[in-house]
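Each of the next two complexes has chain A plus one more chain, namely chain B in the first and chain C in the second.
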Partner chain A sequence: MSLYLALIGTRDNPLYEMEIKMDPIRDFCPFIVHSALDIIEDLQWKTNQLYFKNIDNYDNYSISGYVTPGNIKFMILYQNLRSDEAIRQFFGELNDLYVKTLLSPFYTINEAIRSKAFDQKVRMLSRKYFNL
Partner chain B sequence: MSKPYKLIGEDVYKNRTEKINSELFTLTYGSVVAQLCRDYNNDYKKVNEQLESMGYNIGIRLIEEFLAKTNFGRCINFKETAEIISKVGFKMFLNTTPTVDNFSADGKQFNLILEDNPLAEFVELPDDNKAVKELWYSNVLVGVLKGALQMVQLDVDVSFVKDILRGDPSTEIKLRLNKILKDEIPAGED
Partner chain C sequence: MSRILSSAKPIQGIGYDPLIGPQRVEEVEASANNSTSVDHVTPPNFNYDRNLHRMKHDVSLSSFSFLFCELVSWSRERANGIQELEKRLNGLGYTIGLKYLELLGLRENYITNTTTSKNGLNRDIKIIQMLEFIHTTFWKALFGKTADNLERSQDNVCNYMITDNDPLANRYISVPSEFQNFNCSAFVAGIIEGMLDSAYFQADVSAHTVETKENPNRTVFLIQFDEAVIKREQIRFGS
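Let's look at the complex of A and B:
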């Protein structure tokens, strides 16, 4: 089981990334996720759902994404995660966390998220849903 | 001390105050502080001063509203003042009741411990290593207390000593009574 998570801003700029056990392809993760952005941008206007599962593959890794109503994209690249349902819930809670960060008066939109508290909570979420 | 202050506070809060959405309030105060930080180029000492003077101007007006709605008379001692500030004042305007703690032996100094601070919800201080040491995010409260107490002839030194936002275990404001003023001070800018 392995996971790479990236939050992408409205100008395709990275806001936050986290990586767990991605050793063999660690350095490529940002590129793989970035190339999947095009796919999600095509898809996002065709439906009104926020969660996009399995939009792309690389080797035996899959990519799923989530687009917030404010057009911030959460992308994960993963292998052998438990279930789609867990991923969907993970994204939902991640969205809550992101909104809380956005409400802080010292944070501006599209700015990199450097908060340690945020990082900790995201790691807690990945433990909760994926046992990572 | 006829009726417990706690009940008076709850009664005033429930029946005689207008309420606004707390997120609107929190975010409004947040943008004020963030804007001040930008205006002063993150000189947090100046931001603290500015927040305090804004609070002072709120306090000298707010006390009138407070007295009109509660019909309180003069306090017998500073202990009573402390109780009223915490159980009625904070309850009425912020719907929170800070704990009064650490009363000094001479009865002239105490701490207010804010268990929850409606001003600071969602807030994370900027991570420039300076804000955590210098900025008192909720410093407007210091000014409000100072201004309000001055209008009832109490010259009080007010300052924050701890803030959860800075990583302290609690949020605490220290109040120290300097003297009881003799004459009415005209209201106005300091």
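Let's look at the complex of A and C:
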């Protein structure tokens, strides 16, 4: 089980990244995820859902994405995660956390999220849903 | 929750730095041990412990009016002329709109998820859906009622109009005669513009007073979409 998560802003800039046990391809993760951005940017105008599962894959890894109403993209690259439903709920709670960050008056859109508390909460979420 | 509590090692946050990329807790701890010992306990952050989904989000009308009056007079002191004043108010609203769309979308999805069985996670991808969202959901969340009218301009395909017979922002503000074309709802227009922009419906929004006998404060919000938005709509949905 391994996971790489990236929050991508409206200028394709990373807002936040996290990786757990991605050793063989650790350094390529951002490239793989960014190459899937084109696909999700096409899909997001076709259907009005938030969660896009299995939009792309690389080797044995799959990529799923989530687009918020304000067009921030959450992307994960993963292998052997438990279920799609767990990923969907993970994204839902992550959206909650992101909005809480956004509501801080000291945060502007597209700024990197450096908060330790945010980092901790996201790691807790990944343990809760994926046991990582 | 029980799994989190029972796990042996408490989870620590190390923060994210875009220049370094994703880091691992062990690596950060190791490098910290090499130099001086740094306390890695994450401070409590009340921002993240609040619940976004309380059912009531009301603010008293008097405190809103008081704050808004100060906003207007603050902007007026710093602006030369009516146009700049409207631009300033618009800009203040814009920053709110950018963030408010995310919050409102989340709350809306949460409500449809808890009250109906269907999976109500949605974004608005058509112009008309987005405008209805503003006309109904947004207006209800902000002013407690829906806007009075939503129509499409007949001369220009890019223009839409939302009408409010008695906008809250204008209720306690009387405009002096030398400011004849000024409308305080420029602030609300700014919020709408910010929301549309962050949803990728680039538009200019302005507020105009169009009074009738019954409603002297009747305000029309004119929404002028970019041509690119209209074109995208035609390509995607062929209308």
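The rule we apply is simple: the second predicted complex is superposed on the first by the 132 of 132 C-alpha atoms of A that agree within 3 Å, B and C clash if a C-alpha of one lies under 4 Å from a C-alpha of the other, contacts with A are read in each partner's own complex, and residues count from 1 in each chain.
The criterion applied here is as follows: contacts are C-beta pairs under 8 Å (C-beta built on N, C-alpha and C of every residue); 3 or more make two chains touch, one makes a residue touch a chain.
Here the structure is a predicted model, which means the values were calculated and not measured.
Of the two partner chains, chain C is the only one touched by A:Arg123; chain B is not. Among chain B and chain C, the chain that touches a larger number of residues in chain A is C. Applying the stated contact rule after C-alpha superposition, one finds that A:Trp45 touches chain C and leaves chain B untouched.
After overlaying the two complexes on the shared chain, residue contacts for A:Arg114 are found with chain B and with chain C alike.
In the superposition on chain A, contact is made by A:Leu103 with both chain B and chain C. Once the two complexes are overlaid on the shared chain, A:Pro24 sits clear of chain B and of chain C alike. On chain A, the surface patch touched by chain B in one complex and by chain C in the other comprises residues 100-101, 103-104, 114-115, 117.
Those residues of chain C that touch chain A in the shared complex are 1, 3-4, 7, 11-18, 21-22, 24-25, 42-45, 47-48, 50, 52, 98-99, 101-106, 109, 121-125, 129, 198-200, 232, 236.
Those residues of chain A that touch chain B in the complex are listed here as 100-101, 103-107, 114-115, 117. For chain A in complex with chain C, the residues that touch the partner chain are 4, 10, 13-14, 16-19, 29-30, 44-51, 67-72, 92, 95-104, 109, 112-121, 123-124, 127-128, 131. Of all the residues in chain B, the ones that touch chain A in their complex are 23, 27, 30-31, 33-34, 37, 122-127.
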